[in-house]
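Chain naming follows the written order as A, B, C, D, E, F, G and H, and within any one chain the residues start at number 1.
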Amino acid sequence: MAEVAERLKDIIKPENLIYGKSPVLNNVTMHYCPGCSHGVVHKLIAEVIDELGIQDKTIGVSPVGCAVFAYNYIDIDWSEAAHGRAPAVATGIKRIMPEKTVFTYQGDGDLAAIGTAETMHAINRGENIVMIFINNAIYGMTGGQMAPTTLLGQVTSTTPYGRNVDLNGYPLKITELIAQLPGAAYVTRQSVHTAAAVRKARKAIRKAFELSQQNIGTCFVEVVSTCNSGWKMNPVESNDWMVKHMFPLFPLGDLKDGGKDKTDGFNLQPQ
Amino acid sequence: MAEVAERLKDIIKPENLIYGKSPVLNNVTMHYCPGCSHGVVHKLIAEVIDELGIQDKTIGVSPVGCAVFAYNYIDIDWSEAAHGRAPAVATGIKRIMPEKTVFTYQGDGDLAAIGTAETMHAINRGENIVMIFINNAIYGMTGGQMAPTTLLGQVTSTTPYGRNVDLNGYPLKITELIAQLPGAAYVTRQSVHTAAAVRKARKAIRKAFELSQQNIGTCFVEVVSTCNSGWKMNPVESNDWMVKHMFPLFPLGDLKDGGKDKTDGFNLQPQ
Amino acid sequence: MGELRLMKGNEVIAEAAIRCGCDGYFGYPITPQSEVMESLMAQRPWETTGMVVLQAESEIASIHMVYGAAGCGKRVMTSSSSPGISLMAEGISYIAGSELPCVIVNVQRGGPGLGTIQPSQADYYQATKGGGHGDYSLLVLAPASVQEMHDFVALGFDLAYKYRNPVMILADGVIGQMMEKVELMDQRPRWTDEQVKEITGSWATLGKTKDRSKHVITSLEMDSHIMEENNLRLQAKYNKMKQEDVRYETILCEDAEYVLVAFGSAARICQKTVQLAREKGHKVGLLRPITLFPFPEKPIEELASRIKGFMTVEFNAGQMVHDVKLVVNGKTKVEYFGRMGGILPSPDEVEQALLQKLIGG
Amino acid sequence: MGELRLMKGNEVIAEAAIRCGCDGYFGYPITPQSEVMESLMAQRPWETTGMVVLQAESEIASIHMVYGAAGCGKRVMTSSSSPGISLMAEGISYIAGSELPCVIVNVQRGGPGLGTIQPSQADYYQATKGGGHGDYSLLVLAPASVQEMHDFVALGFDLAYKYRNPVMILADGVIGQMMEKVELMDQRPRWTDEQVKEITGSWATLGKTKDRSKHVITSLEMDSHIMEENNLRLQAKYNKMKQEDVRYETILCEDAEYVLVAFGSAARICQKTVQLAREKGHKVGLLRPITLFPFPEKPIEELASRIKGFMTVEFNAGQMVHDVKLVVNGKTKVEYFGRMGGILPSPDEVEQALLQKLIGG
Amino acid sequence: MTEEIIIAGFGGQGVLSMGKILAYSGVMQDQEVAWFPSYGPEMRGGTANVTVILSDDRISSPVLHEFDTAIILNQQSMTKFEKMVKTGGTLLYDPNGVVKHPTRTDINIYRVEGARLAVEMGNPLTFNMIVLGAFLKAKPVIKVENVKKGLEKSLPERHHRLIPLNLKAIEVGQANLEVVQTV
Amino acid sequence: MTEEIIIAGFGGQGVLSMGKILAYSGVMQDQEVAWFPSYGPEMRGGTANVTVILSDDRISSPVLHEFDTAIILNQQSMTKFEKMVKTGGTLLYDPNGVVKHPTRTDINIYRVEGARLAVEMGNPLTFNMIVLGAFLKAKPVIKVENVKKGLEKSLPERHHRLIPLNLKAIEVGQANLEVVQTV
Amino acid sequence: MAKVIGAVVVDSEVCKGCNLCVVSCPTKTLGLNRDVNSKGYHYSYMENPDTCIGCSNCSSVCPDSCISVYRMKIE
Amino acid sequence: MAKVIGAVVVDSEVCKGCNLCVVSCPTKTLGLNRDVNSKGYHYSYMENPDTCIGCSNCSSVCPDSCISVYRMKIE
């Protein structure tokens, strides 16, 4: 036992630290349920902001949703946004302070239900912002109601017998639509259920923030996520459920890369 | 001269009438500017309602836009809708009276700007309604401001130097997005600038109303249209301008046919 | 006697809607009232009474779905909480302008903005003075118990159809989340097609048959003279409400020297305050407006001429107090006591305020 | 003297915005005020002063763009007309709750619903009693001339920043569409980054530097006690407005026996009525509230104790009349005269009403 | 001096811009002015009218129930506005647009064949300037030089070449004013 | 008879459902009842409390500043609610969640080792029923048969098989009530 | 061979003179009248009444439904 | 061959016992403690401290950033 302690003391030295809490994260325990994906994504954003050295020029727009208190956790300037309006708020910020890096952080209810118009139009204008989209197929904050991305058959508090297409409509694959908007620069779908996935997601978020410095259009990162409370499973089961049920409909990977579309196709014809 | 009159008298007899004003059109002069496409599309809708014999079961939802008075012209029951909300109003009507035929009639500002969320979600739910979309690339009613579908370079009262992508964003090809929604049953893009086009457009509208009787999802007919007042051209020039400039971005033809998508892909995976 | 149940205010709204034969509900989740839709969804009334229940993509969509369905002469409703009701402002103005009957439930939370999900009564102005644009009024019912949450759904529809006017049930987080014993009404059938036609056939969009001219649901009128007539018609209707449908409750007002005026859950607290004050020998009564519009002007006017003062108790910065003052018109003292931010004053706290502001002062 | 121009009220809003160094405008077309954005777009201020002008996809997006940009300590604004303002209700409540300064112009048209595009003053309640949810107030300026449309833009920003509160310019279709001679202010530079930092650096989202803790623009507060404090802070601010920033104009009130109370274009009509009535020997004056919130209580109170009666003249069903009554508190008669639906009463029509309701009666 | 004028006709007749030039000319001679149009979506082909007030003093109401002068260019406007001319006031009209000629005997009545003269001038767009000329002949409330200045101010630079034509039209109007009755 | 009760503890302790069963039992014996919870997003892992009022008369305020009985299941709740028990009232607590034991001398104080007993019963979910049993022993305001009826009414059919276990837990609670002081 | 002849009737009061029928007529039958209707529009009329083949192109494109088309076969 | 050994430090007060780190560890180093922290969570800890290779998988997946990972090479 003493031997083990000795050995650990040897390893646990500042110079051997290879992964710790990001300095851009505040020392506040997050209010999220145990195992919630929000926490992982917060961490990645903080890490990227730290890596890129843009803490002093980044403005976050926090949504209405479980991440409503995001401003308590990531140590940057933040603006709240009413439910669904984060892309409009971010547009206002970015247009008025074009030298800043502006990002929104939104859930599926926020981004793909009430905020559909703001989402589509901000991206179609090619606003030079980053959008982080937490798709957990449910309204976490309000207690687990159906979200636009809820699967058919999935049980939520407003689809207690499973989502039914006639009663409730189809799941909305909004990221697929977004990828087709000419103003989108980079659109990718990631996940954070394994360490490998987390590393890929971090890369994607970093790329989004990097591209955003070049003002080449909207960078959009969907993270397929879990909401174990809403789903009424434990965090580990939730990950399995997500892999099994959500990935087929929301396959991971890049959907668009390379900046806004050329304007040719959208112009008046030459005289 | 007399001879001519004689000859005409011969031809102009009730039994020789092959095309006259539809009985489903009221005897009211429409308030539209001379040559406005709205009038033509109204006529086609009236004709189709007449042909299908569904005057007594059709409820129209008139928008805010130049067609705000549509209820004065087509002799059916109508509900107004606030700007952009026609798909929600139509959803309310159709869900509560599923045996009726319900259609919306909306401009590009109405359907594709302020009403984007209602448009996308009604169709994604597969509401069994018909949507007629008058895309004249401008806000006619309010005096010719930029619409979501205004082309880059196009002059409007809010883009007096031509629409510019950095200032104003891209034209939104909303019909292309709609065609990908699983709830869409039939999506087509038509025009009414020539007699041939009018006949095709009538067929499309008829098909939309016919399919709508089968409750197989949303039927969506875009009509690429002119707004000569807003464009500041005469009606004939407007048609030419439309053909030259709008058709390349908004090519005519069917975008989807065959009913709502299968639900397989959207379901939970089998146990 | 009807079935007795222990239920939450929010749940009972759903239950009452189904039982009174409501045709449709359109809504969007928001705390503290999400249980309304959740209860409806759990009950699947579409399989029993045929009631439609739809989760919309937003409160804006909800209210316009209500607009469409109400235009068909059907009895439809929505519910939300403060920020969601704000989003409905344009739609509610349209509904009032088009004279459509419907029921809108606001289970208030604290504002402004995102504020707090805790209870509040700060939407009194919004409900009674028209949050939306233009001259219109909702008929506003303020339930003070779970039983009234139940009763006011059916009553709301009755009044909505009597006046062809939207009715708002202005509740709050307390009543929404509280469970009480409630006597449920027996299941009534939804209106049959024939009944709908009989009741709404002169205006609803049921499909234009040959025997009548078309029906148009609209608030639009470009002719100023007709538009003014429309406005006057609305005002006449509101006056009629003032004549015929004022509702209120008085407790121990007969011999009262001081009267508390409070609605909803604040009135529940005041009930106990009255008790506490009476125990100490103060002649205190309570007037509880049940309809906030039309406001109970007459009983207040009558009291004004003989009592020493009123104190309103509100979970807001002082809103209803102005309506009381307007009626009292200088005849006696009118004070206000309130808490905000979701804090609920306790009965003794109200008693102290009463002593300080009125009785002692 | 500044440059003289003949301009429409709507156009001058745009001109004044550019000249007073406004940083950004976000809007959506609606009659009768679309010329505001059109004029801005025609002027291309982004090439001169650097002002941002963006046509949003809706009024909802507009107001939330304003929210974002105002949170950066920039001087931004939007404009709309009645239905569009209703759509902003939630956003305005958020702005008030987050204590963001900005200017919102409402060029009113007739409601409720789609109503008419003709002029109206029926959004008085909405503007002064909070169309959105929760306890909040806008500072409301009511211009009665094109010159005031000009002046109130700069004044609006000054007051908005003085109080960190949204300011509404409550105009109507008459003032928006009318052309008058206007003296334009000289072009002022927009605030430099240094100025912005100096003025708003303690709260704005300018990017968190090492030397300070993060700034968060929010209206959210789940701790009821802190939320109540926030509410009390807002109320204190509104009280301060009542102390320091009441604005009104009186015309011939010194010896008046009867006083008309009217704002905006109604006051213009009443000015002539005063003239007509005086010509006939009636001692009539006019009190024109310039700030509708804070309402000019003192001058009305003073008059109340010595005149024979007030009559408000409003293009609505009688809204401001209640604020006058609240102040008068029974001390003298308070009448209302109004027209609706876009009908504008002529000066002699007002005179007749005055004779009937007050002088004659 | 205060002159309260209503100009009324069809949307396409240049009613609003005639009022605008009049108002701008008032500014040029240091007067207070107000220009208040009817507005609406019905303006397409419908009627249009504008109230113009020129005054040496601060202007009160832009909404009036009687006018010093009515300039009337179609029948609908005649029906509506003839009765709103003050006793002793002035009514100027173009007979081409009118079926029922004015019948009042307590006001000054003038006519100008604006439509015909405009066609004769080879440019229908000069119509409103001809009518304006006639008005200024009947009631010289504005100096023509100030109208010129007003035109210069109100027209965008690129249209300044049209000013001579407009001034010519004003002359034609002045020369062709017909007096029907004076009181 | 009116009994005003506050039950307070952590979110996961079954505070709200204990209150619910109590309220439902009141209904079963024809009383008026009110059940008023704290609510909020912070309920995840945070504190939860519920006011339950049982009365023979119409119930006025669900908001109270003092209680006949406080049932306290963690330290935070002890800090908050000990002082709100009426003089002569009752405080029941589980010592496992508590560091600072109650110090008042003017109230009746009881304890029950709910957490420990629940583990002993082999089912931590019986915790709240054990506490309820203890309460009913201390203050028999509700008959156990009515609790049974209440359980039957309030639990969904599929959970009825759990009723015997719950009744057993109530018995365990009744048997294990410890009297700290009575006044 | 059966020849088809046609004729149209334009509701000249409703016509707004937009000219769309005129340019859509394959046989140049229609023209805009020099006269105006009561709303001031140069309304459409059969300038060359002989040439109409009753194809109803004009009527199809007319936004104001003011053209009735008649057709008959002659041997 | 250089071998890599590692160790982690879990902030047991912040840990919510979600178990995600435990299942993500390739070497089964981690486990949930029987004891609970002050919030009642069974926090994560190095059950088998010898096996850690410092791969930082656990730390990557931890939503609450409560794991610090240390690694060193040994010859």
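Just so it is clear, a residue touches a chain if its C-beta (ideal position, glycine included) is under 8 Å from a C-beta of that chain, and two chains touch if they have at least 3 such contacts.
Only a predicted model underlies this, so the values are computations on that prediction, with no experimental measurement involved.
J.: Using the touch definition up top, find the fewest steps from chain A to chain E.
T.: 2
J.: Using the touch definition from the top, how many steps at minimum link chain D to chain H?
T.: 2
J.: Weigh B-G against A-D on C-beta contact pairs and write down the one with more.
T.: Result: the pair with more contacts is A-D.
J.: Mind checking the centre-to-centre distance between chain B and chain C? Centres are C-alpha means, answer in whole Å.
T.: 39
J.: With chain centres taken as the means of their Cα atoms, state the distance from chain D to chain E in Å.
T.: Roughly 34 Å, centre to centre.
J.: How far is the middle of chain C from the middle of chain D, if each middle is the mean of its Cα atoms, in Å?
T.: 30
J.: Can you list the chain F residues in contact with two or more other chains?
T.: 40-42, 45
J.: Could you list which residues of chain A touch at least two other chains?
T.: Answer for chain A, listing residues that touch two or more other chains: 33, 68, 80, 82, 113-114, 116-117, 121, 141, 148, 168.
J.: Scan chain D for residues touching two or more other chains and write them down.
T.: Correct list: 31, 54, 57-58, 60, 83, 90, 94, 98, 113-114, 117-118, 218-220, 222.
J.: Which of the residues in chain A come into contact with chain B in the complex?
T.: Chain A residues touching chain B: 113-117, 120-121, 124-126, 148, 151-154, 162, 165, 168-172, 176-177, 180-183, 244-245, 248-249, 260-261, 263, 265-269.
J.: Chain D touches which residues of chain A in the complex?
T.: 55-59, 61-62, 68-69, 71, 75-82, 85, 88-93, 95-97, 100, 117-118, 121
J.: In the complex, go through chain C and note every residue touching chain F.
T.: Touching chain F: residues 4, 6, 31-32, 117-118, 173-174, 177-181, 265, 268-273, 275, 344-349 of chain C.
J.: If you look only at chain C, which of its residues touch chain D in the complex?
T.: 82-83, 85-87, 89-90, 93-98, 108, 110-118, 120, 122-123, 125-126, 129-136, 218-222, 224-232, 234-235, 316-317, 319, 322, 325-326, 329-331, 339-343
J.: Write out the stretch or stretches of chain F touching chain C in their complex.
T.: Those in contact with chain C are residues 20, 23-24, 27, 32-37, 39-41, 59-65, 153-154.
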